[in-house]
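Each of the two complexes below includes subunit A, the first together with subunit B, the second together with subunit C.
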Partner chain A sequence: MQDNRTKLNAPTRRQVVGGIGLGTAATLLGMPLVARAQVEPIRIGFPTPLTGPFGAEARDQVKSAELAVKQFNDAGGLGGRKAELLVRDDKLNAGEAATRTLELIEKDKVHAVVGALSSAVQLAVNEVTRARGMIYISISQSDTINEVKDWSRFTFHEALNPHMTTAAVAKHTFKKGAKVAYLVADYAYGHEMLRGFKRAQAAVGAESVGEILHPFGAPDYSTFLPRINAMKPDILCICNFGRDQANSIKQAAEFGMKQQMKIVVPVILHNQRLAVGAEVFDGVVGGANYYWGLEETIPSAKAFNDAFRAANGGAVPTDYGAYGYTGVKSLLQAITAAGGTETDKVIAALEALKYDVAKGPQSYRKCDHQSIQSVLVLESKKKADMKNAVDLFRVAAVEQSGEAMLRTCAELGFSG
Partner chain B sequence: MTPQSLDTTSAPGQSRSGAGALMQLASRWRVPLTILALCALPWLLPSKALAVNVLIYGTFAVGYNLLFGYTGLLSFGHAAFFGSGAYLTGMSIVHFGANWLLALTTGITGALLLALVMGTLSIRTRGIYFSMVTLALAQLVYYTALQASSWTGGENGLRGFTVSRIDVFGLQIDFLNPLHKYYVVLIFTALALWLVSRALNSSFGAVIEAIRENEVRARACGYNVERTKLISFVLSGAICGLAGGLSALHLAIVPLDTLHYQTSGLVVMMTLLGGMGSFFGPFIGALAFLVMEDLFSLWTAHWQLFVGAIFILFVLFLPKGIWGTILGAGER
Partner chain C sequence: MDVQLIAMQLLSGAVLGAVLVMTALGFTIIFGMLGVVNFAHGALFMIGAYAGVAVAMQTGSFWWALLVAPLAVGALGLLIERFLIRPLYNRPADDPILLTFGLGYVLVEVVRIVFGNDGIPFSTPAALVGVVNLGIGYFPIYRLFVIAVVALILALLWLGLEKTRFGLIVRAGARDPQIMRVLGVDMRRLWFLVFGVGIGLTALGGVLAAPMRNVNPEMGALVLAEAFVVTVIGGLGSIVGAVVAGILVGLVVSLTSLVAPEMATISMFALMALVLLIRPQGLFGRAGA
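For the complex of A and B:
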């Protein structure tokens, strides 16, 4: 009993002597192996919806994030301290994501969280990390997360937001006097995109001829499309995501609407274009955070693509997948700059960080922690123009990174 | 035969076998025993956050079982009570800056009143019609929450009411500490379990079982069937509201999914898995379901396949559920 207690509670003299001896030996001999074994790894929690309708995008995010961690470790980590990625399935459910994030913080003792792939889910993760002073890099589109009400000193928004995406897309597709009709998925994402487009449309001087809401996950658009045809628009703007995007564009093509109007989407998705084929998407224009074709002009994109191809059997990274890479990479760069995982120092390092890891220069704005970055405007290629199976889009324009694309700090409710 | 009916029909001294006597003793002390077991739960499960979820969904399932297992009414609308309890608790803090306990009380009261309204409207229908009416009414609540986005946060869910510190009779408790949070939630779970146990052991408990077994005979015996059903419905709703309120305090968010009919389906599944019509079964069902989900989803992305297969096996081979089967084996 006495023996047990001694063993459990306090180190024995032998352990202390041994520890000092080992420590001294390690210091004297400068043995990096022993030192490395003693430091704990940098743990990054990564909640993402592996199951559910955005599963394909989520798996791409995990692959890219793992690549960023591997590169960091291969380069020696932080003075020998390695990073570790803890992937968790949030099932595209805000309550599940909150529970998983609590587990990551309380049980796995992560140093930072990166991830989530829907507006509601990232706001749930944000709420949990904010209360516990945990650094969170959010990698999914949202305008709400920039606003002062949900702002957290510990949260950085690596993804584009609907405001900047729609501004860039509208600038390159809308013309003065053009008539625009909207088909909008009736949930937060659709509403935020619509709001962005209408604001951009007013700036360009285009005119709205009507908007139609469709339920999230609708398989059939045949009742909506004739009503849009009757509005006789020059541009049909379809604000939805995932399978909805593929289904609605496919049916619009079947209705022969592409001959009468141009189809514009806020975010044109690599995986959805692959799913339905070139004929259907031919000529559709939309925004993106990343396209592998950037490698022709941007060296960091070339480096990212090559590393990704090598790790994934020749596959190219996708748009939403790239967020996993840029998000984790920027965090690890900041941790390196801060020289450790101490929260305040990492925040200061993230705020000061200028990074170019995949798509050209990026940085986090001080007031709302939004990543200032370029927005690509892509046009889907004809089948005849495609050089290979993944040569999907032509880069129609690159809206260069700049604060002008974002809402001002004052508009978001920040005083300073 | 459920353990409660054993309790009321035979005195403990008359039992023939030793195991039977032990079962009866355990049944008599079921609430203290349950609470004792729950005290150890945080150390047995993979994470504390999961343990708190088990308490919350266990309470939800026990409350639901009062109506489903004991009164024999299959409701598909209990997400409305869980969700309204959660939303009202959160909204009291966000919009009125209420104290956490007052907020929780508001949540329970709101769920109780909603149950009174929904119960009054649905109780006269039976069987599948009852299920459909409760489902339809719960969907009304869902769309109300979706539309009233300035109050509920709409699609993005309700946020901004993190309770980080609570004050109990001058004692400051750090609510962000997972263990403290667990034991605070456990107090409320214990109260709910005691309340349900007490109700089931009263003559009211005997009457609702009589209604489940034979409604016509219960009516012929002179019981007011409608009123008894309504009381059972309201009590069940209030306990589910408590579970919802606790969930809001636990996660510090209320997702719109809380009101979705999948939440109603989830509680039916948990109750069936654990064993409907037994006092502790639904709690075991919630525990088993959440632990399976947690472990399997860490292990494979195809976790739904395995959880689904296990559920099918249970329905086919253990129709009494986990706890019901254990109890059945004990009685033999």
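For the complex of A and C:
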């Protein structure tokens, strides 16, 4: 449009002004790249499900990621080169996420992508980034993304995976000879969690008394609970997520099952616990990547919490929110180490990176780019024991960072 | 598989069915009388639960919530009929469908904005917490209470429909609105009230479900589908059909959970398909209606 106008022989004043306006807008949008190459910002694409059931988690992710970017810029960026976060709503939909990611790469010319909050959605993002040789740091739980079929050298996984969380939770809750029943959401993530728990169960020497698969998204679990009760387990492992977890725990409590057995979940969520209430969650044990209460023992957690509180009116960061921080922060540290955004150099820098930004030491394993990190085992507190509104959990154990918690490279299909 | 377990499954299924009946009743009455397929029905179920939470927070009492929330949401239903549905009565049947479909989205978004995305805690009333040994196993007291409330509402509805003048008009109006108009009955006023009652019923379902399920903005999504399934199985517009089909669906889902738990949700759709094949008008529907 701009071209057509400037070719006119006798432009009116209005056309000239309009043309200048458009030209300026185009400059701001970063069209004449050559002229701005010196100060071109580091652009990080950030697809996350702002709308939909995980909206609260997604907003926490954005806040934390923005904090990481702000700290980077406040510290002078990369020799004056600032970073920019381009947040896109993936609507918790794989197709939408793929489209937004493609736009981020092709139109917005991002240098790397961090984000997604669903095992299916992150695989869709990974498809796109992998095909275009774009670095992607996934911050959503998945086992498959580490496996050779879906992985690429551009793929990094900052989040925990079901294998790690179930191993840590089982280690601290299962005992030799204990009877374990499983209630499992019938989809990929549910099955991954079940597989992880059963492996840990075999290692500990506990015994499975039954597995019940439930349809994904079921609102009522009362029809599954009598059968679980009849199995008389010591431990009930509920392998589902989000709303399903909230509903199933609420109803298990309603059926008086918490008095009969210990309820254990692979991942316990800050926001879910708030939404459901203390009485229902009281005593439930689950894994987590982050809990703000770590600040009592870990200096980087204290620093992260304080910065987050200052930026967000005193609110504390949540588990999935923290992924936004650790993911973006590790990327920016690697870019700093690499001295620029050149993909191969950043990949090498990420592989070599040792980072401790919120939860103690972390690093990306060479073969599958899984972030080796600690897994927290949290127990939900009674209302009477809570010191304040966000004093939700007791840190029952911190399973230290280490490769022993991961499946071996060979098991994932990597030869070397 | 022992008898006790099957008895527990049947009881669980009956509770499931009771909640289904509350939502399906409103859905089928509104369809039968007004000819409107109310796609906002699930959203209004959710609004009922949130209204219950709001009233319970204000008054500190579940009992007030149980009483006030359905009335308040029923009043909202009256407003919706008066200002949104009524202008569409002489328009093609698609228009009210589009309107209620959109309204459902609007309501969900409004709740997300006001109460947040994640849902909100709602405890079982203190008097009904706990389980009771029924001889077949332990069953939550609250769920027995739900069956009792639904039975009471059904009895009141039956009395209202069978023993009052208003009920007579409703029954006649459902059968032949044109004759009723010729006889000088103001059908618009009737539709207005019926819509309000239908919405009040689904809101009551929402309040009853709130202590059992997590109260969140999407809790009505599956409810709409379930109400639809129950209505189709029972026969469009049939009140008896909605009650029988609601309980039936609850039992089928529950027994499926026992033998093939992962098929629990799909089983109700299979039942619907079966009924459509054998008796397309539904169990209690009139052929050609």
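Simple rule for what comes next: the second predicted complex is superposed on the first by the 378 of 416 C-alpha atoms of A that agree within 3 Å, B and C clash if a C-alpha of one lies under 4 Å from a C-alpha of the other, contacts with A are read in each partner's own complex, and residues count from 1 in each chain.
The rule is simple: contacts are C-beta pairs under 8 Å (C-beta built on N, C-alpha and C of every residue); 3 or more make two chains touch, one makes a residue touch a chain.
Please read these numbers as outputs of a predicted model, since none were measured by experiment.
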**OP:** Based on the superposed arrangement, let me know which partner A:219 touches: subunit B (first), subunit C (second), both, or neither?
**Re:** second
Subject >> Contacts of A:275 with subunit B and subunit C, given as first, second, both or neither >> reply: second
**OP:** Using the superposition on chain A described above, determine whether A:147 touches subunit B (first), subunit C (second), both, or neither.
**Re:** neither
Subject >> Contacts of A:131 with subunit B and subunit C, given as first, second, both or neither >> reply: first
**OP:** Kindly classify A:120 by the partners it touches after superposition: subunit B alone (first), subunit C alone (second), both, or neither?
**Re:** first
Original post:
Which holds for A:84: it touches subunit B only (first), subunit C only (second), both, or neither?
Top reply: neither
**OP:** Would you check which partner chain A:255 touches, where first means subunit B only, second means subunit C only, and both and neither mean what they say?
**Re:** second
**OP:** Take the contacts of subunit A with subunit B and those with subunit C, and give the residues found in both.
**Re:** 55
Subject >> Residues on subunit B engaged by subunit A in the complex (per definition of touch) >> reply: 46-50, 53, 154-157, 159-160, 162, 164, 176, 178, 247, 251-253, 255-258, 297-298, 301, 303-304
Subject >> subunit B partner contacts - residues on subunit A that touch it in the complex >> reply: 50-51, 55, 88-89, 91, 93-95, 98-99, 102-103, 106-107, 119-120, 123-124, 126-128, 130-132, 144, 149-150, 187-188, 191
**OP:** Could you please specify the touching residues of subunit A with respect to subunit C in the complex?
**Re:** 52-56, 186, 212-215, 217-220, 222-227, 229-230, 243, 246-247, 250-251, 254-256, 271-272, 274-277, 279-280
Original post:
Okay, in this complex, where on subunit C does subunit A touch?
Top reply: 2, 5, 8-9, 12-13, 15-16, 112, 116-124, 130-131, 137-140, 142-143, 211-214, 216, 218-219, 222-223, 253-254, 257-258, 261-266
